[in-house]
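Which chain is which? They are A, B and C, in the order written, and residues in each are numbered from 1.
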Amino acid sequence: MNKFSWYDAASIEEAQKEVNATVSQTIQPDSPENAAVFKASGIDLLDLMKEGLSGPAKVVGIRNIPGLDEISFDPEKGLRVGAMVTLSQISGDDRIKANYLALHQAASRAATPQIRNMATLGGNLAQRTHCWYFRSKELVCFRKGSSTCFAHVGENENHAIMSYGYCVSIHSSSLATALMAFDSIVEIKDKDGKIRLVPIKNFFVLPTVDRTRENILEPGELMTAVILPAPKRNTVSYYIKMGSRKSQDWPMAEVAVVAELSGNVCKSVNVALGAAAPVPLISKLANDSITGKTITEATAAEAGRAAMQIALPLSENGYKIPVFQTIIKRALLAVV
Amino acid sequence: MKTKRIKLPHGIPGYNLGEIEREVPSTEPPALAVNDKLKVIGKRIKRTDALAKVNGSAVFTADVHLPGMLYGRMLRSDIPHARIKSIDVSAAREYPGVFAVHIFDRRYEGANPKKNSSDSEFPDVIYAGQPIAGVAAVNPDVAQEAVSLIKVEYEPMDFVVTMDEARKPGAPLVYQTDVDQEASDGGEEIEEGLKSKGNVRGPSTKSFYGGPRGDLEKGFAEADVIVERTYRTQVQTHCPLETHGVVVDYNHGNVTIYASTQSTKNTRNEFARTFDLPKSRVRVISEFIGGGFGAKHTLGSFGVMAGYLSKKSGRPVKIMLDRKEDHISAGNRPNSLQIIKVGAKKDGTLTALKQLSYGTAGIGLGAGVGNIAQAMYACPNFKTEQYDVFTNTGPGAAFRAPGNVQGAFALEQLIDELAERLDMDPLKLRDKIDRSVIRKVEREHGTKILNWQKPKKPGSDPGPVKKGIGVAQAHWPRFVNLDSSVEVRVMRDGAVEVRSAVQDIGTGTKTTLAQVVAEELGLRAEDVTVLIGDTLFPIGPSSGGSVVTGSITPPARNAAYKIKTKLTDIAAEELNTDANNILLENGYFMLTDEPSKKISFKELAAKMRVEQITATASRSDDYGGFMLGTIGFEELGSVQFAEVSVDTETGFVKVDKVLAVHSCGRPINIAQIESQINGGVIMGIAYALYEDRVMDKNTGHQMNANLDQYKMPFSFEIPDIQIELIEEYGAISSTDATGIGEPANIATAAAVANAVYNAIGVRITEIPITPARILAALNKEKKVNNE
Amino acid sequence: MKNKKSKTEKTGNISRRGFLKGAGIAAAGTVIVGSGILISKPHSHEKDEKFVPGTISINMKVNGKIREMNIEPRTTLADALRSELHLTGTKVGCNRGACSACTVWIDGIPTLSCMTLAVEVGDREVTTIEGLAKDDRLHPVQEAFIEHDATQCGFCTPGMIMTAAHLLARNPSPTEDDVKKATSGNFCRCGTHPKVFAATLDAAHKA
């Protein structure tokens, strides 16, 4: 790891005063000389720094800022999860398990128990892609400022099956998939202390918009919480992650479903897909396919097929399509 | 040599146990009874070093800290193939905190080209990750910073990292000339003097067991059924949890090396040779080793670098590879492409077996896979042609049953397919063609335990998740390394000490030695202190090829027997009887005919004329001659059964259960043997389903040189493993014990593959068996849209 | 993570920030460490060193004792424990958080010491494998690991034990599935897993 100065912030304002760059900016060839970045748990930041991809001059710790690591729930108002809440806190929270099962499931399956004890919600959402070309120090890929996406013509078994431009990386946050299905809101505090509330689908940035970043956070802006709307009556959720292993693994495909039911009839639904594209996606095709129908093996399978209609697999990842079709079907069947 | 004839237990208890008379050197101890009659051998004895492992006090090489010690880091090439035009280390040398810089004048890994093809004063870079230079500094961070200041001017060359591309005419050449390479002690086979054509070297038609036999054409002409298949296996990296590393204290040529090695003697010998020192000036210490699996047999380029940096700086230098370096440069199991063809009569009798294989050990040699096909089954007509293919990737290394794991994956699926074609139960076919007595017994045990019936029709389960069962077999030679000596000492307070340079890489060698010596001296294992892993002690074998137990326990027993003889003489004097009338048991010397007349071991030791008596013994030849050179059916045999579930909608494969039926001669420590079998099975599952070194063909880099994307089994991937251990007496040495490391790992992947076939009805001929491969085999994968 | 504030109150006069000491260190909320610039009193390994990387001195509560150490901001907890305190029982297998060999407890929670900066530990209490035995009495999990032969090479063992012992602390009667969940991040190349499961379950009976 490079040398850096360390600053342990006691308040958001203190932290924001020092920070002048996003972690993503430090990865670019024109990385700012005196970059100062936030560090929450730092699982992703330290990983990037140890690989030699990121080398900020100053690191500002925000784990000890009070008030950011709380979970509050009100059946009328919904759920508010502070950005410094750990994944273990999320998976261990009974209110979340009872009312937002898919979020509980996503948090419980992410990474390893030890990482879940450390990693924060905010850090998980803001982590960079684990595309192995992006993560290799020796290779300067499209996302790191060159004109080459190595995965396009290389080893792309883990990569995107939905085409959103040249970069075929996938977003690495499992929690994001679940939060997308819940129509969550990201709470962001800007440098002037103003709070912005951003629908999570607008939080993530496609490489076609800006290849150097994966979310909208500007230097010094701090994600402070994620807010989930109050659970509607008769609404059930479910999350499935498919890896080649049941123990820690990056997903080859994942799905989160939030469905409002009337009996077995799906009144409305949000089918969110992870590991499919550079950002987590809502599959409108799947939503449209199943909405208004009784959820059965046949209609659920049809929704899975619908979701995959727009898939454009690469040379090595065509297998993801049947996997997605299956887990979409199974997640829908699991909610009834 | 004076000899005597002794009767030794021979055969399998409960099956054909009897006695056999052998002519043995007159210095050998009397025959050891079968395990049932012993007190310490064959029991579940706690590891003598377990406490140090559970309380954190065990000192591995990674933990060694010497006063004034520096840390070394190496500059590795970012590009896979290049000529080096210049290297500028001036900035690194000037960097504060740096004490020494060294540039390699040649490669210390891979094959040795006969002549240097380059005019450059530096060796050509032939894989991405090849070490070029190194720095020693006050801490690893400073060393790394200095490394980043080294400027290298490369002249890049075309490269090739996949075996298929490397085989093509006109492919970029890894070596310009013919090459050779010394095999390690890990059991990989390298035939000397073979020619290369392009990147393809060979064929080698030999294995441990000699060359081709019979007449293939005639054999296939006589066959009623012929089955031919192509199989592929992947590159697997060793990933010992403790990465490779050393601490070298050059100390003006009186060298001390702490090494995470499987071979203290080879580390010493290579260092002495490289630095032109007498072996007596190089001491290697390896008390705890965090796993090796075949990749830690040599000094390694990092060991050479640490040597130069220590010599130059006058300080001890530590180099521990990081995980990425370990993946890309410190060894791997070569991949394989095997085309294998078998002919058989209707009753199953094999008439011909032909194998053609290609494998890449990167810039190294040792990708042969032939010996299991050559040796496991009776077949009069056999030929193997094995080719090594060079690629611009890190050097291969011996890896737990080198060649056999790849070979078994192909052979044992082929035999299964043959059984199906002959409409035979796969176990019945093996009964017909397998002459091994031990494997016959093992198949019987397995059949009984699993209530084995002829497997159901493949793929016949209803529903998306289908279950299957499969079986596969293995053999491994009873290798012995004669560089195996042990010293046993008794002190006047009754303390017993065992010393050997042999190392314990986690297999339990320390405890095994304690048991053998304790058994001979009528003590408990915990009464014996075992000091090993230090070349100050009598030479010990490398921990590879499952040789250690069979090599080191006989000299341990023989040395203990010498001590016992000396002590018995004293006891006879003390008890006023003849030495022949003395029995040593439960810590007492006693009269055979009057056990109440006795003196304790401790009391007797106090009567020794000197403070310490000592005896050293070396490994003698196997009783009745070494087995190697005969054929595999008398060797270590094992049979493994696997039960799997395959989700045909997602391609997810889960191994539910493995029944591992094994033999390793006379078992010394049941618990440790079970542990090694568990490890072999788990590694075999990993090989079958998960592990795969992913090389990017366009850039020449490994994409998953880590532990999250290089897929390893963790807790949920571990099946229920049931172990059935068959005692087997071969009357081959004074302990009659053999190792279990390699046999445990050979059959698993093939058993899993056969079980997957039984589950889904389609054969997967390439590992790892990923969801993608399952779905492709079931024609569910969506093909790429051609743009 | 627990709420820092209440924790600090509980531990009384030792506050998190009170644990940071040494040259150039001011009160809370100040830039405290520079790349060898802000530090006036360098720590030296050897007298003849040409240069010393910037370090700071901190106190850390490790295995019940307050220990002083000299670190850089980039020093991981694993490196600090191993290099500064010579507590080498904590192992580094991948240095990227993927193998869990480096697992220690921070305030009783299994944490990756390779992915934690030493400077961040503050007043939280670190427990390593060396601190698990109490008054020379092994923890039941340690005893069970010996009894069940749950070690092979032993390099993953400290991390496995810290993980398994924490499981028993919060769940005295786990199922095998619970043990698998708890240890699902701990890599072992030798294949000790079946015996790790058995040992942990057995320790639960005896604990």
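Keep this in mind: contacts are C-beta pairs under 8 Å (C-beta built on N, C-alpha and C of every residue); 3 or more make two chains touch, one makes a residue touch a chain.
Predicted, not measured: the structure shown is a model, and the values here were computed from it.
Nearest to the global CA centroid, when each chain is reduced to the mean of its CA atoms, is chain B.
The largest tally of C-beta contacts between two chains is found for B-C. A separation of 29 Å divides the Cα centre of subunit A from that of subunit C. Annotation: 33 Å between the Cα-based centres of subunit B and subunit C. As a whole-number value, the distance joining the C-alpha centres of subunit A and subunit B reads 42 Å. Within subunit A, contacts with two or more other chains are made by residues 1, 3, 246-248. Residue positions of subunit C with contacts to 2 or more other chains are 53, 72, 74, 95-96, 98, 180-181, 184-185. Along subunit B, residues 141, 708, 714-716 each make contact with two or more other chains. Partner subunit A is touched in their complex by these residues of subunit B: 78, 128, 141, 649-652, 654, 689-690, 694-699, 701, 703-704, 708-709, 711, 713-717, 770-772, 775-776, 780-785. Considering their complex, residues 45-46, 49-53, 72, 74, 82-83, 86-96, 98-99, 101, 128-130, 132-133, 138, 142, 145-149, 151-158, 161, 179-181, 183-195, 197 of subunit C touch subunit B. Those residues of subunit A lying in contact with subunit B across their complex are 1, 3, 130, 132-133, 136, 138-139, 150, 153-155, 157-158, 242, 244-250, 252, 308, 311-319, 321-323, 326-327. Taken together, the subunit A residues at the contact with subunit C in this complex read 1-11, 14, 18, 41-43, 46-47, 49-50, 57-59, 61, 63-64, 66, 69-70, 84, 86, 88-89, 111-115, 117-118, 246-248. Interface of subunit C with subunit A (complex): residues 1, 3-5, 16-17, 20, 28-36, 38, 53-54, 72-74, 76, 95-98, 100, 103, 109-112, 115-117, 119-120, 122, 163, 180-182, 184-185.
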